[in-house]
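Listed below are the structures to be examined.
In what follows, chain A forms one complex with chain B and a second complex with chain C.
Up next is the complex of A and B:
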């Protein structure tokens, strides 16, 4: 079912997802090559120190990309606060300050759908714990474009709303706990 | 008809050229318009050719007009200390807000200039492609509920940093007329006549004034353009900055291509460099 040709791992999460993402990044092989793109809901008015927090434990470098920045391997990218994050066909990021979507900026749906569109079957989409439905449609887009999809097991979620919204839309390839997600990524 | 073909038609029949906007975003913005008006691209083309007023509305819909008072509060703190303080000895200061939208950053800037006592010697120009947002900008009237949080966030950050900042706090009543019952926040009348607002499309190049500037703000505008258009506009900015003039971009915008070598970094900002040097 999986192929060894993935161009990106795209992860969406909201309430409760910081510790899950931090755990996943802390267990990665330090030479993990596939770029990881993180779209996490975060506070609007302040630089919350999220990227610094993730870097404390991450085995690979976590950065907030600039507009038009080229996607590189062995790096995790975090959608900047108060911007939507998109992936362009030339393997660069683009940012937008347009209206909030699902009351969110960054919107997980936007990032995941854009990844689905760009990477098609060469994309792994992962949706984590969260308190709203943003991300459900986006990960389904990855599924529809034949990418590989994982939804965090609602039983292991702080707040189940987001994964449950996704599970109502489609049946992902895997439903996994955070530890299983770590192991899966390292197996790629 | 593809959206790219439509954009070429729009360029042909109107003053607007979106053909060098970045693919992902212009496609999404156009799709949003098509959904809203329940039109196909062909129908949109017909309407574009026959209805000038509709085209103005379309520009309003396609362009992103998000702006906030003191957006990215820490940037404004840095701006006062590293940029404005250095200019305070000057006889005259000229500032251009390129892509000002509804003017919230223009007025944020005026408030800071006022607090530093250098408002009188400053001339502020503000331009945008969108006539409708410029009209709102000249009125300086906004919804209280949508804007109070960003202003208060900035005040909080000022107060937390008062030991090492030139502006210790900002008095809301001094700078705004607030009417909570009407959900209205209006900038102090004395600011309204100060900025020179002009309609201008950065894509068209030639700017509508002769001035050179000490500071150019262009925050979160270039992100909507492709790299070659970005580079052309950076050249306009470079040409219209005084020696050591400062370019202020959005928090996650950088310089592309050739112009990396024509500016030096000053914290979060870019300073025009006149020496010509290559960087590899």
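Up next is the complex of A and C:
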């Protein structure tokens, strides 16, 4: 069951999820207030382009946060390349260059797990298409802390490994297509 | 099963570590210390907080803590865009020929080696004294040997290629007994400084490279170290921080922005 008091939407996916995320952001209501935190696997050498690409279609502003930046409403935040992204109890981000996890930096598990611990039942976790299992444990942590969880329907994924890894761990609240995810977010 | 440390546990342990070792562990970011301590617990098979506290009387254990607490950089030329700008805009254009550079947290040495490779490109190594800090004496000694992690050679090489220089990464290192070592000429004029980032060199410096360590400091400690760095920089000196780190508020108005994207700042004045 959803509640209408969510403090963050946290979305994980691998590099191939860019088009799905772009589609979701393009269909948001422009006054969508809940902060959206995106952790997508990305090439570490490519620092620019991704935010700009998402902003082309997004209905809300997309930025890469600096370390210790406050989380604000009506904004989407993208984890910077080659940094882990954590969410702190004082509603700020913290970045880290600690070692890669699941061969990934940023690690989706790290971002989702820290969101689970910070926001608990006031968190929506969404796991999209992806090529490895990073993110599966993180979204389960959100589920375990009573947050609301959505896994992209593997049948709509380019690569099913990530959602399937999550579905092997637990039964999320919803399995949805990208269009259904957009509609769900706008209903919050 | 992993030990779960609460905020009060972290406060207690970091305060004890501070008392024992003198470094401001209690002023590092709590979430960072939670991850770091969990790592120690796992690596050293420590099952309880009490056992960790007992170990604080063990000299070898303390040495291991000091060796492992800074986050390893692991890559030479991490953020190639930063190094490219530093090289093209400053070093090779003769805008900056530093006589002294300070690395307040040298971690695993890659930033120091990266700088020395670029400094060699302008044949300035003999003119530059490099000061570097690490809380572990063993690590300070290790860095002077120039050993780099073999498993990341491909990453170092790829980063180097992105600098778009005429030389090859392999021009600056060699293999010895199966290890990859930075060439000796790049390891001259290195002056290890005991202590961590608050322990300054004995003289003002013309450049400070302190990238991605402030991520792990609380805001008050960030401001403390920022003030120390500001006072240690010569007028006209350059400060570089990580590309995702904001400059602490207490020195924002005292520094000039040289390159905002690459986080390069200058202390007002002239080096000459």
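FYI, the second predicted complex is superposed on the first by the 186 of 188 C-alpha atoms of A that agree within 3 Å, B and C clash if a C-alpha of one lies under 4 Å from a C-alpha of the other, contacts with A are read in each partner's own complex, and residues count from 1 in each chain.
Keep in mind that, in the parts below, a contact is a pair of C-beta atoms (placed from the backbone, for glycine too) under 8 Å apart; a residue touches a chain by one contact, two chains touch by 3 or more.
Keep in mind the model is a prediction, meaning the values are calculated, not measured.
J.: Could you check whether chain B and chain C clash or fit when both are placed on chain A?
T.: clash
J.: With both complexes superposed on chain A, which partner does A:52 reach: first (chain B), second (chain C), both or neither?
T.: In the superposition, A:52 contacts neither chain B nor chain C.
J.: Touch check for A:179: first (chain B), second (chain C), both, or neither?
T.: Neither partner.
J.: When the two structures are overlaid on chain A, which partner does A:98 contact: first (chain B), second (chain C), both, or neither?
T.: A:98: touches chain B and chain C.
J.: Is A:144 touching anything from chain B or chain C once the two structures are fitted on A? First, second, both or neither.
T.: After superposition on chain A, A:144 lies in contact with neither partner.
J.: So chain A touches chain B in one structure and chain C in the other; where do those two contact lists coincide?
T.: Chain A residues touching both partners: 45, 47, 64-69, 80, 82-83, 86, 88, 94-99, 114.
J.: Along chain B, where are the residues that touch chain A in the complex?
T.: These residues of chain B touch chain A: 22-25, 29, 64, 66, 71-74, 149-150, 153, 220, 222-224, 227, 230, 250-254, 256.
J.: Within the complex, which stretch of chain A touches chain B?
T.: 45-47, 64-69, 80, 82-83, 86-89, 94-99, 114
J.: Can you tell me which positions in chain C touch chain A when the two form their complex?
T.: Those in contact with chain A are residues 29, 31-32, 35, 71-74, 78-81, 158-159, 162, 212, 214-216, 219, 242-246.
J.: Mind listing the chain A positions that touch chain C in their complex?
T.: Chain A reaches chain C through residues 45, 47, 64-69, 80, 82-83, 86, 88, 94-99, 114.
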